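In what comes next, chain A is part of two complexes: it sits with chain B in the first one and with chain C in the second one.
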Partner chain A sequence: MLPRIIKYGLKRIIILFITVVIAVYITIWIANIGGYVDEIVKSDILLQVSQSVRQNPAYRGLNETQITKIINEIYENELKKIGFDKPFIYRSLIYLKDAITLSLGRALFLSSDSGSKSVRIIILERLPNTVLLFTTTQLILFFIGLFFGLFLSRRYGSFLDRLSVLLAPLSSLPGWFYGIFLILIFASFLRLLPYGGMVDAPPPADKLAYALSVLKHMTLPVLSWLIAYSFINVYVRRTFFLMFSSEDYVEFAKAKGLPDSIIQRRYILRPTLPPIITDFSLTLIGSWMGAIITERVFNWPGVGSLFYMASVMFDTPVLVGLVVIYAYLLAATVFVLEFVYAILDPRIRAGVT
Partner chain B sequence: MRKEHLSVKHLIMYYRTMRGEVRAVDDVSFSLLKGETVALIGESGCGKSSLAKAIIRLMPRNVSIYKGIILFNGINLMDLDEEEFRRKIRWSKITYVPQAALNSLNPVIKVGEQMIEPLTIIYKMGKREALEKAAEALRRVGIDESFIDRYPFELSGGMKQRIIIATALLTNPELIILDEPTSSLDTLTQANIMNILKSIKRETGLSMIFITHDISLSSELADKVAVMYAGQIVEFDTAERFYSNPKHPYSQKLMDSVPTLRTNKKLDFIPGSPPSLLNPPKGCRFAERCQFAFNNCAEDPPAIYLDGDFYVKCWLYMRK
Partner chain C sequence: MSKVNRFFSQLLLYKSALAGLIIILFLVGISIYTVITIPYEDAILLWRAGEQYWLDNPRNALPSWINLFSQRKLPETIILTTERLQVGVSKAIVPTERFSVIKIKFSFNYAYDDFPSEINLFFKAKFNTSSPHLTISWVKPNGEKITLRTLLVSKGEDSYYISNDKVLADDLKKYISNKINNAIPYDPPITLMLFAQEDTTILSPDTSRVMKGDYELWIDGIVFETDVDLDAKLVVYGKIYGLAGTDHLRRDLRIALLWGTPIALSFGVTASVTIALIQMFIGAVSAWFGGKADTVLQRVTEVFMILPFLPLLIMISTLYKFNIWVLLVVVIMLTVFGSGVKNYRAMFLQIKEFPYVEAARAYGASNIRIISLYLVPKVLPTIIPSIVISVADFVFLEAALAILGLGDPLAPTWGKVIDDAYTYGALYKGLYYWVLQPSIMLALTSLSFAMLGFALDKIFNPRLKEM
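Let's turn to the complex of A and B:
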């Protein structure tokens, strides 16, 4: 029994690893626009070098060909320094090796708030902010969906049920859209809550005051997402549970005289746990990537706005770093999920062992 | 005289659908004494299962009308609210073996755990004691007790059906409603289950409502027979009289369609098909297919009582 599980696990790890490698390699090509970013970087360096040479008083007496020669020499050295003297196809493989081994290297243009150019530090500086805002929001949304969905599926056709169906189209607009309105109302009109940012400036020295200030800044973004996505979440879950409520074993459980709470827990929730847990874990790791527009609207210093800036500035090491972290998280989650399924569903367990 | 155990009077259950009202159970009456078995016979779609669900109150969400009297031990079940009905009647007094027995077990919970739920939850029995009772109930239906630790997907259809029956016996109920307990099984398994049911009937003195479309099967168990056609019971009689001398033209035709081994008879069938329950005809619902139809049949025939509670819904038996 056990060796089979181990064999199965190893096979899954290898397949997932190959998937990650392919995904990251494709990302490297896309982030570099197939090597075109090289040209941008090169011409940028050439411009800087020639400017500094031409403005350098030490070279003033030299004629044009000599200056060009010096510029070219320095330029070549600069390229060597950042490894750009090799062709892109060769470097893409080096990038891949670095990415896969998580030596994320140095950013081209961006730097962390503390001034570091290390991609790892840049990302780690942003990650807690995003987790704080979006993981919290997604958790709230998930549990709202789960509990109200289950509740309404048992009260199909009631007033509350029809109300939730009616309000589901609120989600046709994204969270940041409601965010703009919330800013208008609560920040510029009522002046109750801040426009954006994560903490008051200057940050309060007291820890409790700091936490309260962050909480105050979180209120509007969280609220905007709750308005946008609560109802659709509830609606989707309700429909999902409604489908599984008409299973014969649910009716039989009712015939057995079981109270509704047990029917919900054991006969509706339990058999549907695998897809729910999948949703839950994917939402969770998805939330670690932040949300680009919402973070811009609320000026939240998270991974989403980092992603945005890195894309605009063609900072490929940062982009690749973000993607590779996400790919690893995703692969690990998928790997763990397979075993969670087997624990939850005896039918899957029979296939695995 | 034995006590009247269950008496259903003028029971009505309609469904609301997109196309109109479906009269699944339309003014149905029958009764049974303690320890008796009523066979409820009818074609598919005639409302048999709806009647069973109406008695154990397992209605789908779209029920529009649900009324009538269901006297059980002299108490009108219609007076109980949902919670009372659940605690006092379901599974403790009346159990139900659904038609879809193959899908009636939760796929992710062990068989034993599902069997003992009524004992541990309604009767607050300890888990070990309940599992012992479940093992005993399994042995009684001819399943090895080790199956308590199996999951439903590891069982065959016949086994699942027998497990459901065992679950239905676990709480020593007074009445068991069997909704086509053998319909999706092969003949050997069918015979096996019928024998189990017969021995249960003999040993426990349980009342049964046995729903089937198989007349020969029904004769194995029935003390009384109710024939259902298009949402109504058209004939209700003792088994003795019914199998030898069915009265309603529909019952007669039904009997003619049953093959027999010894006599060399020509099998008959009924031309046409039953009316839709969506908009049943005004008069007698069988009139269109009935060879004896005459003027009176344009109006709905009353229940014509022959003897005690037994009746036939047919103008032919109206005393002049």
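Let's turn to the complex of A and C:
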């Protein structure tokens, strides 16, 4: 019994790992646009070298050909130092190895607020902001969906139920779109809440005041997502619970005369929980990669804005670093979920061979 | 036929579907009207012509219909020119032996409740060597005449931006302060000082009121030449314009709002239909052939699910500045191996076991025949609702790219207007119409498709309908 599960686990780990490796390698290629970023980096270095040489008083007396020669020498050395003398296909494999071992290296153009060029520091500086904002949002959304979904599934056909069906299309508008309206109303018109950002400038020194300031800045982005995605969440959960409420074993439990609360907990919630948890964990992990446009609209200094800046500036190491972290997180989550279900669910356990 | 009829009568039962359908038809109507009346090339030209082309339009003007809902009537733009025959314009150039006398008079009635946004004077002068020496004066409804400035006009096109004249602003402020025996405590714009009642109300921008009545602008000039011609155009810019107002470059927003419709509709519909069909095909192949093909396709799908879609799209469009149709192709290529493939595969795995599929296999149908005639048609109705709903997502994707400053560099789209408005601080400055109009169009479009899609879902998937 046990060895079988371990064997299954190992097999899944290997498959997931290979998937991650391939995805990261593709990202490296796309993020370098097949070597185009090389040209940007090279011309950047050449510009820097020639500027520093031409402004260096020690070379002032030399003529043009001598200066060009010196520039070329320093330039070639600089290239060798960062390994750019090798062809891209060779370097892409080194990048891959570095990425997979999580030695994320240095950013090309971006730097962290503290002035560091290390990709790890840049990402770690942004990640907590995004996690704070979107984990809060997703948790609230999750419980709204669960609670109202259950509530409405019991009151099928009631006014509230039909209202929830009617309002579900409102979720076709994305969160950032509602965000613009919220800014318009609460920031521009009523002047109650800030336009964007994460904390007042200058940041309050007091810890409590700081937390309150962050909370104030979080209100609008969280609210915009709640408005955008609550309706569809409730609708999906409600429909999901309704489907399970008509299963034979639920009918049987009702016939036995079990109280509603037990039916709900044991006969509806328990069998539906695995897919709901799966859905929630994947959404949560996905949300940590930030929402580029929401973060732009609210000027939130999170991973989404970082993603945006890295893509616009072609900062490949940052992009690859973000993708690697995301891929590992996703793969780990998928693995844990599969493994837990394989152990817990007798139907899946039977299929483990 | 009766089947089709029944479908539609069922569809009409759902009021939200009906509402959605009506809005979609309305949008399609707008699209057809737009494509016919403003050809695409013209629209791009108009939208990218630069400020020079729109010089007669007010900057950041509200839409005209705003006056219907407000007691305070906002001014429209008044354009008076000597280049064509017009009421309220007179021009006389009287040559004598050695010089010519120019006399141009513009008169207009101003009965609005708010001050104009700008006042400009444009000249077109024709002469040989001696440039016309002009005196510009302003006559208020109470008959008072103020000399604004004396100036020399250069050959060809010239202009005098009256409302930007700093010297004039100082002079007027002193003049009015003296007159009412009270120093004006702030710097009133020239437009206010030229049109306001000169009493104590002018002391604050909140209490100042327009002096309604007939205004005149005189241009008196002298040229030491006889072969002279001078045309002038007075533009008193209002605060409202057209059906949709104008933006910071004085462009008529109507063009972008109109052209945004066909672009959004075609982008959204093409993307969602193409992507759904290709994903479905991949899912069918994966489920039908199983084995190695299945493994490979599923692994590829998983790889694509890890790739960050939007950042890659941003990189590609930053680098290449694609027009919107190439962008569409890129979007499709990046999403064909999306999570949809997994859902479709699961559906096809069930259908694969159906007896009629087995029968088809038994009579020796080819793989392609089974996939395209037996598998896909079975799933198609169940996915039509989600195709319709996802149109909204792609409409917003285009807008999102525009808001990130990417997207088509030329085409006038709703997203571009929102982006412009955002970049130029429309929300800070209270220019809400600028953001609201394209937003409402976006919301209408995606809501209509979503409402239709949700209703279709109940019709095509009756298991949900019973619920």
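Note that the second predicted complex is superposed on the first by the 336 of 353 C-alpha atoms of A that agree within 3 Å, B and C clash if a C-alpha of one lies under 4 Å from a C-alpha of the other, contacts with A are read in each partner's own complex, and residues count from 1 in each chain.
Throughout what follows, a contact is a pair of C-beta atoms (placed from the backbone, for glycine too) under 8 Å apart; a residue touches a chain by one contact, two chains touch by 3 or more.
Computed from a prediction, not measured in an experiment: that's the story for all the values here.
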| item | value |
| --- | --- |
| Clash or fit, chain B versus chain C on superposed chain A | fit |
| Chain B versus chain C as contact partner of A:253, first or second or both or neither | first |
| Touched partner set for A:156, first chain B, second chain C, both or neither | both |
| Greater chain A contact set [chain C / chain B] | C |
| First (chain B), second (chain C), both or neither touched by A:266 | first |
| Touching partner for A:44 - first (chain B), second (chain C), both, neither | neither |
| Touching partner for A:195 - first (chain B), second (chain C), both, neither | second |
| Touched partner set for A:206, first chain B, second chain C, both or neither | neither |
| After the two structures are overlaid on chain A, angle v-u-w for chain B, chain A, chain C in degrees (C-alpha centres, nearest 10) | 100 |
| Touched partner set for A:73, first chain B, second chain C, both or neither | neither |
| Smallest distance from any CA atom of chain C to any CA atom of chain B, in Å, after fitting | 8 |
| Intersection of the chain A residues that touch chain B with those that touch chain C | 156 |
| Complex contact set, residues of chain A against chain B | 156-157, 247-249, 251-259, 262, 266-267, 270-271, 344-347, 350 |
| Residue ranges of chain A touching chain C (in the complex, touch as defined) | 15, 18-20, 22-23, 26-27, 30-31, 33, 36, 156, 165-166, 168-174, 176-177, 180-181, 183-184, 187-189, 195, 239, 242-243, 289, 292-293, 296-297, 307-308, 310-312, 314, 319, 322-323, 326-327, 330 |
| Residues of chain C touching chain A in the complex | 16, 20, 299, 302-304, 306-308, 310-312, 314-316, 318-319, 389, 392-393, 396, 399-400, 403-404, 418, 422, 427-428, 430, 432, 435-436, 439, 442-443, 446-447, 449-451, 453-454, 463-464, 467 |
| Parts of chain B lying in touch with chain A, wherever the complex brings them together | 56, 58, 61, 86-87, 89-92, 95-96, 98, 100, 103-109, 117-118, 121-122, 151, 153-154, 164, 167 |
